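The same chain A turns up in both complexes below, where it pairs with chain B and then with chain C.
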Partner chain A sequence: MVAVTETIEAVQSVAEGGYKWGFETDIEMEFAPKGLNEDIVRFISAKKNEPAWLLEWRLKAFAHWKTMVEPEWPAVNYPKIDYQDAYYYAAPKYKVAPKSLDEVDPELLRTYAKLGIPLREQAILAGVEGAGDSPAEGRMPIAVDAVFDSVSVSTSYKERLAKDGIIFCPISEAVQEHPELVRQYLGSVVPPGDNYFAALNSAVFTDGSFVYIPKGVKCPMELSTYFRINAKSTGQFERTLIIADAGSKVSYLEGCTAPMRDENQLHAAVVELVLMDDATIKYSTVQNWYPGDAEGRGGIYNFVTKRAACRGARSKVSWTQVETGSAITWKYPSCILLGDDSVGEFYSVAITNNRQQADTGTKMWHIGARTKSTIVSKGISAGRGQNTYRGLVKISPKAVGARNFTQCDSLLIGDECGAHTVPYIENRCMTAKVEHEATTSRIAEDQLFYCRQRGLTQEEAVGLIVNGFCREVLKELPMEFAVEAQKLLAISLEGSVG
Partner chain B sequence: MLRIEGLTAEIDGKPILQGVDLEVPAGELHAIMGPNGSGKSTLSYVLSGREGYEITGGSVTFNGVDLLAMEPEERAASGVFLAFQYPVELPGVGNANFLRTALNAVRRHRGEPEVDAMQFLKLARVRMKELSMPEDMLKRGVNVGFSGGEKKRNEVLQMALLRPKLAILDETDSGLDIDALKIVADGVNAMRAPDFSALIITHYQRLLDYIVPDRVHVLMAGRIVKSGGPELAHELEAQGYAQVAA
Partner chain C sequence: MNAINNAAGFLARADTLSTPVWAASTRAAGRAALATYGLPTRRAEAFKYTDLAPVTQAAFGAEGQALALPALPAMRGHARLVFVDGVLRGDLSNLPPRPLSDAAGLLGSLAHATQPLAAMNAALFEDGLFLDVPAGEDAGLIELVSVVTGAMGPIAFHPRHVLRLGQGARLTLLDTSDGVAGLGYLHNPVFEISLGEGAEMAHVRIQREGRAAFHLSSVHTAIAARATYDNFTLNAGGRLARNEIHASLDGPHAMCHMNGAQLVGDGQHADTTTDLHHAAPDCGSRQTYKTVLAGRSRGVFQGKILVSRAAQRTDGYQMNQALLLSETSEMDSKPQLEIYADDVKCSHGATVGALDAAQLFYLRSRGIPQEQARSMLVEAFLTEAVDGVGDDACRTALSEAVAGWWVGERSTAPLAGRA
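Up next, the complex of A and B:
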């Protein structure tokens, strides 16, 4: 109920100016030379002080990438990207690397304060529970890894988590501290040559988060990574790797924002999840990259590869995404259901307003026996937005008794937008059961009038109806993210009616 | 309270209201009866501000203010409530959320403090009991999967919570069995107050056995053709519209 009121407040604040995360931080940065070649790959690897095997891995990926062509099958249109006209490495300049938050550039700290991202740990977890200034209403704090352009600037609660044997750190640090784990799992779910953008990422990835949850450990707090693109003409290529060992459990959140600029900036991430027997990962995304202006100028190109390998029996992965930002979204968080009785879930809300384009969905690949998958996709198109659900449900002969349920709903606001549903089903197993439901609807005039007759403004009414439409997905988000997501939905639809 | 003078309105160029004159003083309940197509629903939508109706002449004032110049939500906030003939479904929007959001919108306008979730539940529970509504109706989507009677009771619940100055009940009796009809009528009767007026739009005299109006008006072909006391409703029931209006 609180959330609805907050949605309304958010809609009211819309008038004060759309994308409120669009500011730029003025900070001295270090860049790699513009362009992309082997030297840049070597530059990045050297910057990160990487072992030889990783440089080799990157160079192989780069060589492969050069032989590949950009995919043309998504239902998105954009001018050809000049990969030589961008920076592939940008990091805040330090004389010495900061050892604690107190040594981090105050301008950076102010940036995160402005974005509402808590970098400081709260006293309650530092072992002084019951201290006077404990966090509001005893809420569980969230451990945050903050990635600013190409580097992680801070990771909180590392020591507290280490007590449970949990590793939560920037991936560049994991390469140094836990090379055996990184080497074993990096690229094991999304191989470097998987697709064009994954190959590019493998060659030039700069930072991202690394998580390892040991056997039987339930992570005591939410882990999250907050990605911020700040520098001009710079791409962000982060890499996230989460390993959930047998019987472990973790909930991970990611958020992202970028300044408002006329140019398009590329964000090509790779996320790999590995799950052993009985492990559970809940991975939530609130994607809020700058979407470009009403005329379609600027905005982030968001080309992301996310995949989970449910290797263990009864493992379970749940992807929840709320995609409100980006000029273009190209993203299919997928599940390889290898372990018997493993479960994959995909809950998605994608909004396209103005000239935004989204081609998003999932792949559920059933290999193990009795594997189960659920897909709930809610697409909202407004303005001249184009929204495509693209999904594959693939069932192998050995996946006896596999089950899939897919539900794709599209909501149209206005008459210049588009919604498209492209489901693929490949079933090679007689005993599998696959269900697919799809609907397309509009916000009806009588619904709006009904709300307005009860005192709600047009925008409040749209916010309420859209949140109702997305409810099945929003309820999958962790509480605080759900509130944030509801506000975002309302803001993203600013000016779409009336 | 409500003063309608020479009101004419059309839909898609087709005249529906052809000069309605009507005055409802504060504290009075007036019934509007008429055959199908006489303009009853159009009148309720024009008063509440629905799009798609073109006002071609006349005026409507509500407590001295030009009602027709206001947005639908402004009319609602200043106390005009329409109980819909066909309440609209809002899938996924919880009934409690919706009711509280509406209540707070109206309270904001009146300069009253907003109610939080707990205060709202307290208020809603009392009203729901009066209307014999099960509490789980608060958790369900607005009107989604409600029976005809439940939808109408939900409208009366909203009215009871929002406490309007002028309620327009558009065929609230249609689709109600006799028990539900009594409950709904009790809900309306409980609203009676010196600063509350209502326009009760109905086909049949049946509802008026339970809500006794101060005045009855006959609307035919977009005009009020006859007005009278409660006995006029009985006359209509016995003799039919054509006879009485002649």
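Up next, the complex of A and C:
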């Protein structure tokens, strides 16, 4: 408990508004030594008891990573990362999965309680047998695969999902139990050499989620993973792979919180989505990692590669993200629209306050005929935050009748922040139609006055206006997330207006 | 150091030039930049969509005066300055310009060597004009005509034009670049334009080089308080044409208009790149660019609006629209906003697509044949762009240039029609 107390004090002394989720859980960790080399890659692979082909794959990615240089084109500034000064493997000390609540570390349960993860019962999360068979009435059941640091601690609803033939498990487990699926699809959307951070992830990824939805199956519940960076100086290298077979449908939620930190932490996740004919994936993210203090010290570096391959005809992928945390966000969830009539969507809200920096957007690559994409991006800059939308819409000659609509709106709060828009439009198809519009403005005085006149405080008024500004995106979120996201928007902007 | 500088040919040429004292520092900066970086490749973000390799690989002969004179464009006003193969011809001009040496303080102050096209020009310019409109004077319409003889083979010329408008001065500059067909020459003009408080300048440019030529031009303008700079550029000629406009709104209530049209036919590459800096409060800017692409062609539009922290109450607008008329044309757009002030109203829009099927249907349902209906819609699209030009003489010149291109395009490459 000492660590908890200390951390809480640290939170209070360092952060002005305070970071609501800033605490640290005192659980013994098993570390690989600091640094990054071939031995660490082998260590991780051995720890995970991985087959030879995967180790080979990791080593190849690592060799490639060493030849690459860190990208400098995003509009973000940060001190050079020392990749040798971080742990690449840290896992809660469990030998076997717990059979009852008593076996679960009480610290862990308290962590979840403080996080307010929408788990109906702690027992379900901890994977206690028999718990959570019957979902509460009137509520969409949610299956949670909680990632606690680098290893998935528990997976609930597994049996329920198994009835439909759905596989939802930590990727390390999938490697053991469904090697043929993992081998076929891992790296098929984001190749190991795709970019600097994807290569790093491929070499040292520790865990993440694996989802397979069989042909024609509509997943009966929302799937959810809660990421949480916990140990000091451990980068998180999540690897998520979701395969939606022909005619299937799934909604996946990802939410993140993290404890208070002094050192910068690197997070370089890779998410791959594969969609066959008529498949639908809805991927929603609420990202609320520690953004650093008012001076920007100690926040998370969030360098993520997310990409969906719509391989089948009429497949549809929808990315929705609410990015309120992290010191630096560098993330472009993308869609490769290969199948004819496939659809890609990107809905994003990104907030930067204090010293936060976000360079985010999407890539829509139209290859198949009559492919459609929609991009709605809302950027909010406050304090000394810098917010960049960077997106590419690329129409190949064969994408006959393709259609894109893009809307990027930026809101500026305060005169020390920045809002930037960098869209790239490349059209090589005569019959395709591409439309882009972007606006930048600030909160209108008359709107504020109207709210203040009706008794709202300045902060409440700003919160209300910002929520209205983001409505188009928020309404795309699943219900539970939408509520959480609205609160997050208000919390993220605390102290930005005076 | 690069093993081989891709601008080696240009550097060798620069070494043969004599440089007067008043141009020495500008020349040195340009030459140093060219020697260090060469010309940009597609790895440079600003040249992502425009490959200068055909320019760097071409061999250009030495310049010289030709005897045969090409036909000059029709006279639109009373005063004109004529450049033949990049050299000012006093005998063809009716306005005595001031020598470039008089512009010593201004030369190199707006077009910096950090811009590759300006650096190449600085290293190689041999002629140009200095136009100085004193405070309060209205200079009316002045024509700047550039023609090429072709008698000397493919040459490269890099004229440097410096213009200064004093407080409240007015000028309309009609700047026409014409060339000869089938000749792979390079025209690399650089304009440095300084507008004093309350000055007004309309700058209408018609780029109609030969279809085998390279045209790389850049305009650098500084706009003082309450002054207005209004640029319209028709980018229609050349195998590879790039039109860069850099403008800076330096004083309160300054205004900048940048409009233009790109007509890109088979085998052509046209690029318009604008870079607008709102550096002072209460300024406005408007940009509208239209591109029509036919045959195997590529159009590029890159437009950046930078709003500094001081530039509160900025009102910026930018629109670029492209019409693809063939299956083998490509349009790349990169509008860009970079904003550091909060009390601003900035927006940009971009559309790329084919002719509107609903509009075509409307015309065809009224008995207008397919080809004619398409033609009407293209003309309407272009007319809209040109109509905004205020000066009658300039607008007439533009309309004629647009019509000329369209007639030529329709006769040489009939539109592969698809509704």
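Brief remarks on what is shown
By our rule, the second predicted complex is superposed on the first by the 452 of 498 C-alpha atoms of A that agree within 3 Å, B and C clash if a C-alpha of one lies under 4 Å from a C-alpha of the other, contacts with A are read in each partner's own complex, and residues count from 1 in each chain.
Just so it is clear, contacts are C-beta pairs under 8 Å (C-beta built on N, C-alpha and C of every residue); 3 or more make two chains touch, one makes a residue touch a chain.
Please read all numbers here as calculations on a predicted model, not as lab measurements.
Under the clash rule set out above, the superposition-derived model of chain A with chain B and chain C shows the two partners fitting side by side. Once the two complexes are laid over each other on the shared chain, residue contacts for A:71 go to neither chain B nor chain C. Legend: residue contacts after superposition of the two complexes on their common chain; A:465 is shown touching chain B, with no touch to chain C. Of the two partner chains placed by the overlay, neither chain B nor chain C lies in contact with A:33. After overlaying the two complexes on the shared chain, residue contacts for A:216 are found with neither chain B nor chain C. Shared-chain residue A:420: touches chain C; no touch with chain B. Measuring only between alpha carbons, the smallest separation of chain B from chain C in this overlay is 16 Å.
Across the complex, chain A is touched by residues 45, 309, 312, 322, 324-327, 329-354, 418 of chain C.
Chain B makes touch with chain A in their complex at residues 48-52, 71-73, 75-77, 81-82, 84, 87-94, 96-98, 100-102, 104-106, 109, 114, 117, 120, 141, 158, 162.
By the touch rule above, chain A contacts chain C in their complex via residues 73, 397, 410, 412-442.
Partner chain B is touched in their complex by these residues of chain A: 1-2, 4-5, 8, 444-447, 449-458, 460, 464-465, 467-472.
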